[in-house]
Amino acid sequence: MMEVNMNNMTIIIEGHLIDSGLLSNLLNLIVDENLDYHIDKITVGKTKVETTRAEITIFAEDQESLELVLTKVSPLGAHEKGAVDAVFERAIKDAHAPEGFYSSTNHRTEIYFGSKWNPVQSQRMDAVIIKKDHGFECTKIRDIKKGDFILCGSESVRVYPPAAEMKEDDFAFMTNEVSSERSYDIAVDTIARELKQIKEDGGKCIVVCGPVVVHTGGAPALSALIREGYIQGFLGGNAVAVHDLESFYYGTSLGVDTKTGKPTHGGHNHHMRAINRINGFGSIKKAMEAGDLKEGLMYQVEKSKIPYCLAGSIRDDGPLPETVNDMIEAQSQYAQIIKGADMILMLSSMLHSIGTGNMTPSWVKTVCIDINPAVVTKLADRGSGQAIGIVSDVGLFLNALAGRLNLKL
Amino acid sequence: MMEVNMNNMTIIIEGHLIDSGLLSNLLNLIVDENLDYHIDKITVGKTKVETTRAEITIFAEDQESLELVLTKVSPLGAHEKGAVDAVFERAIKDAHAPEGFYSSTNHRTEIYFGSKWNPVQSQRMDAVIIKKDHGFECTKIRDIKKGDFILCGSESVRVYPPAAEMKEDDFAFMTNEVSSERSYDIAVDTIARELKQIKEDGGKCIVVCGPVVVHTGGAPALSALIREGYIQGFLGGNAVAVHDLESFYYGTSLGVDTKTGKPTHGGHNHHMRAINRINGFGSIKKAMEAGDLKEGLMYQVEKSKIPYCLAGSIRDDGPLPETVNDMIEAQSQYAQIIKGADMILMLSSMLHSIGTGNMTPSWVKTVCIDINPAVVTKLADRGSGQAIGIVSDVGLFLNALAGRLNLKL
Amino acid sequence: MMEVNMNNMTIIIEGHLIDSGLLSNLLNLIVDENLDYHIDKITVGKTKVETTRAEITIFAEDQESLELVLTKVSPLGAHEKGAVDAVFERAIKDAHAPEGFYSSTNHRTEIYFGSKWNPVQSQRMDAVIIKKDHGFECTKIRDIKKGDFILCGSESVRVYPPAAEMKEDDFAFMTNEVSSERSYDIAVDTIARELKQIKEDGGKCIVVCGPVVVHTGGAPALSALIREGYIQGFLGGNAVAVHDLESFYYGTSLGVDTKTGKPTHGGHNHHMRAINRINGFGSIKKAMEAGDLKEGLMYQVEKSKIPYCLAGSIRDDGPLPETVNDMIEAQSQYAQIIKGADMILMLSSMLHSIGTGNMTPSWVKTVCIDINPAVVTKLADRGSGQAIGIVSDVGLFLNALAGRLNLKL
Amino acid sequence: MMEVNMNNMTIIIEGHLIDSGLLSNLLNLIVDENLDYHIDKITVGKTKVETTRAEITIFAEDQESLELVLTKVSPLGAHEKGAVDAVFERAIKDAHAPEGFYSSTNHRTEIYFGSKWNPVQSQRMDAVIIKKDHGFECTKIRDIKKGDFILCGSESVRVYPPAAEMKEDDFAFMTNEVSSERSYDIAVDTIARELKQIKEDGGKCIVVCGPVVVHTGGAPALSALIREGYIQGFLGGNAVAVHDLESFYYGTSLGVDTKTGKPTHGGHNHHMRAINRINGFGSIKKAMEAGDLKEGLMYQVEKSKIPYCLAGSIRDDGPLPETVNDMIEAQSQYAQIIKGADMILMLSSMLHSIGTGNMTPSWVKTVCIDINPAVVTKLADRGSGQAIGIVSDVGLFLNALAGRLNLKL
């Protein structure tokens, strides 16, 4: 089957290839392309601390297939043997990359250039990599400027998926499976421990928060987490803020009395009245300064002076003055806030959580809590080795978490 | 449209017809049959305590349509004006009712016979009503004996749907809506209060329990509720018992370590080992007597000597010696245990909860907790005015409930 | 309980009050406020064509409670007896209504002013009503200008919920229940008939479309519906367009080969390549003019010259040049497109469907198709008497619909 | 870390270890037990057709840990180097295995005994393996007889998970992922092709069928599949039969008219009337012979003389005379019917599908169709390399399938 005069290419891959399953993935990938391979050399790590290194030659009928497969094995950490300097092509217009552009993953990445491997800055998925004076940087297609040097091809790229780096800890073990049939207790413990550690280390934990947190009675617990310094940034939309303000001003959430649980007729207008009231002051902050707004989640966010962004959406009422209605601007603010985050808590907001996930490197720990298993699966399964998915009631969960951290509500 | 020579029938209905919406339902029902009606007399309750009474004549082209519509308005509480004694036909063979048999609802029912209205015993849905020496009794079709007197037609029947009786309390208000976007707090409060009241009054609360209670860490809280006398009967299947025993003997649930949350490889056999171990003793009770089984949910059920039934199913492993494998027998035991219940807690077990719901009168309070909204809707929406549906994490919920009742776990 | 010296107010309500259940709702509403009522006069419609008219006096300890309850019964169609001219207050600043502003419903509404009932224009929910030279108009709070005359109080308002108007047809009967346990066949028939009728009458059917339509293979069927003139407007987001373009250019959808169903490794970049390709041309339309884009859903939308809007969101990749990134602008375009619509098909896009629902009057027929029952319930249950919810596979459903209409795919 | 005087054991594993990921799993399993390993020899398959063979020594502080880990790596296909004859212990009582019993998987298994590897009969999961005169046989714990020779320990066992056998075909590729965001088209094609092939080869396809098939309008399509010889056995419960009979006798399904989709008031009794009618004849078959039952799913099942079993459950109404109420008997009949099956179609019945899955060897192809993603995931993820999960509308799906096979409905 393998003919002498076929095109071939030799690739190298190194790391915890066997226990992580990476070598399996790589070989399957080659076979799926209907190509043949030959493992030229393999040094299998004999014990659990040793890494494995393999040199594999891939055979194809044409050069194009080889180049194609290289773009596919590259995200697994493989690179061509005898790497050559990366090729950069100039963008011929704004917001447009050359045809053969390399599209980034969310894993740690290096570029072979100047006869050495160089790190990439601002790692995120679905970006191009631009050569700048100070180094190599992930950039969104829309931010390409005419004349930028865009990385093309994947011959000179190597990436480090978390699986190949294999730092085992208590957080990692929980990342296996999404199920509503799992004890909440251990999840609460693990996350409480992680939050304490991050606070102690002066780290950064960002929360992405949907309005369900307010409806299910989780807002006081989340406010306490913010007050006590466990949260360093807040991402959400217009709705979570509106319903939090409704809750303070009218004692209702979606028109339902938060004390008695009884729907208050006419309460379906309360969210509009809350918006109108804030509009009267000009902003949430001004309502606080005027002594009108005295409590709640947004109050605590403002008071703790943590950075926040409320992103607009097509379904917004109002929106509140704080809501950022331009999506390009909102994505920029989100990206700024998560920069350097150690952990991201995604609380029942699929829309904003996906938005956040798109711009988060794979090595950031993420925790996704939602009552809908399909949402949790979608969020937890983004190629990250560091995502815990929890199918649970977010209100009850936040209260259990605050209890475990002995917070006063 | 209404012709003089049409067939007609006059019905009477009385109760909280307007505020409960019953009159709307009744008129729509007539219209849906393409029949005409005329409201002959209506005395509208002028205030919220007065009831409304209406006499309505229904017109149809043939007598059959009138009889048909009577079978349909009867479950709403309407009966023919000038009620006549009920007609009973003899069953010509076992397990078979005469063609025109009356099929019961789960609402309180009376039969006009001997020129007065008589109560029906053993109320449940989908039964026939048999005239016995001591009165009138709901009986399953399969229990009909040749020669039994079976009620036919609905001319002499009146039922009392809970909506027409309208006792308002805190429990009732929660029965409106199923949603995962509701604060858990009020639900916990309401149920805790109800449990206390039932205990104080020497009442009866039955729990229907699925294995998810064990997987999500809710078993210690439920055990405490049983220990402290809040639960007077336990219904479930083989699985909840198996997983509870696995949890005690091997510290795992579905093979997952209940302390660390890590899957223990080989743990997928633990449920079989638990079954085999009990088989060795002959029963759960004998394992307790031998000092082998010392804790857990089934331990507490046995120790508290509350009646219980584990119903078998096609998917059972084992099953355990206690499991009742004959479904006719299991339904009988279930029915016996719920007799006279004040409240039923349905905890994440659709199969057993539907089985229980089928045999429960509509005036028994039911609470259904499940993380799947579709299950909660299905269970809560069984024509009962007394069902609360809660979309939540059952493990967290039971712990919050035990906390509210200050139980030691 | 009712004292002579209590405050009271008499309201009038007229329509199909009993069969629609409106009178029940109204009385419950009064009781829920802990107020008493007395039905002074009631003329019950004796037959199914006659309407009912009631005069009801409500008693309260203070005048505030009466005013409050009036705001609550007003959306049901009740108005104060002896209506007085509406009161309008001037807005003291932009985007801010006077405290007592009336918040609109999505039902047909009239204002008593100049001693007669006047219709309201641009009906939508959660708006204020402004008195303009040419009449009365629903306006979003954010669009209020200083000096505008804003309607305050609900004493001079009457609304017509669809239930009170009661036009029965085949469409209406389907609006009862959301369930995945219902035969698809009748739903397909009903919608096909409705689409034909709208086309024949020169009416307007708008589609709100999520990317799942592309992933599940529904795009060719929807394209055929557009091509044959069944659809007069297209609402969606960036994602549906991106995945449609990916499908045409690379034969994949989310990187999965649309012919073989096999994931194409590297295919996860295809959506970025599609965006980059369109960016190269400058727009979808220019890519068509250049002969590069030759088929697909967006191609058909552009070719058929129906108005469309792609609303941006925080989770967008790209976005495409056509995507409207400012949410205020996107809402305006959406509102413009649905103006005068006879029917709206909501196809598996919760975000955009809620956005659309917010601005749609309650008399517009809506059909919501999604595989998640919770989404369907949320969308179908927006106070409209004209919403069909279908829990199904949108790809299969669109194909069955195209089949029923004999469209060539 | 590895000391000379530690206990150790050498295991051998052979097959497609690397591309299937089996070696990864095996090494992780050892590490999860906190043991060390050393890969003594590894012959990596250099090309995609060559297999890999590894000898690995495992180190532990005590002999027990080694024995434990052997029970865990054994299901992956590993066996101890220099296998010794299997040890069998006598059962000391009925339905009870010796403490150290080997619990079977659903994969192909061999026992080392008499100095050679012997096949195991009646493979299923969660069974013990008994040495009989004619060979080795999987037996349920409840069927153990006192004196039976029960296999203990896993030292002399080797299993063949499908992943290690790696026969790639079109069916296999679809088994990766469960999602409602996938084109239905390819799934329909794949299953249609498979059904044709099985029919042509005189093979055996079994259907497991829930009542939703009837409610969603899929019964005529499934009946056509049976009529045309594509189905060789039918498994279900009481409900699917009851609703099918209701559909024929009264034109309703759950009381909803199957032609118009309108609920027929009083229709909620139809299922009881259908049961009563069959009870009158004595059985479904006798109702057919009497000319009373002339069409439908159960009619076709009986007419085609394919074996079937309706398993009872705690939630049954009736049940019908055909329903098997003893669960031990029902499991036996199910097991008999699936014996030798090539494919199993699981149609929207979680309960019966799990029951069937429990007794099915891993090499049987299974297809699970349900609208609830959680059910599909649970069913498709049973350690089988041959399970396709499809999140879709089962009524639409069956119709598309019948269309693809050109069946007349």
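For reference, chains read A, B, C and D in written order, and residue numbers begin at 1 within each chain.
The rule we apply is simple: a residue touches a chain if its C-beta (ideal position, glycine included) is under 8 Å from a C-beta of that chain, and two chains touch if they have at least 3 such contacts.
Predicted, not measured: the structure shown is a model, and the values here were computed from it.
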Tell me which of A-D and A-B has more C-beta pairs in contact. A-B
Of all the other chains, whose mean CA position lies farthest from chain A? B
In angstrom, rounded to a whole number, how far apart do the mean CA points of chain A and chain C lie? 33
Just curious, how far off is chain D from chain A if you go by their C-alpha centres, in Å? 37
Rounded to a whole Å, what is the gap between the Cα centroids of chain A and chain B? 45
Multi-chain contact sites of chain C, meaning residues that touch two or more partners: 180, 262, 372, 374
Touching residues on chain C, where the partner in the complex is chain A: 29, 32-33, 68, 71-72, 93, 95-97, 101, 103, 126, 141-142, 237, 262, 265-266, 269, 271-273, 275-276, 279-280, 311-319, 325-328, 330-331, 334, 351-352, 354-355, 358, 372, 374
What residues on chain A touch chain B, complex-wise? 173-174, 176, 180-187, 190, 211-212, 215-217, 253-254, 256, 258-263, 371-372, 391-393, 395-397, 399-400
Which part of chain A faces chain D closely enough to touch in the complex? 2, 18-21, 23-25, 27-28, 30-31, 36-39, 42, 44-48, 180, 373-374, 377
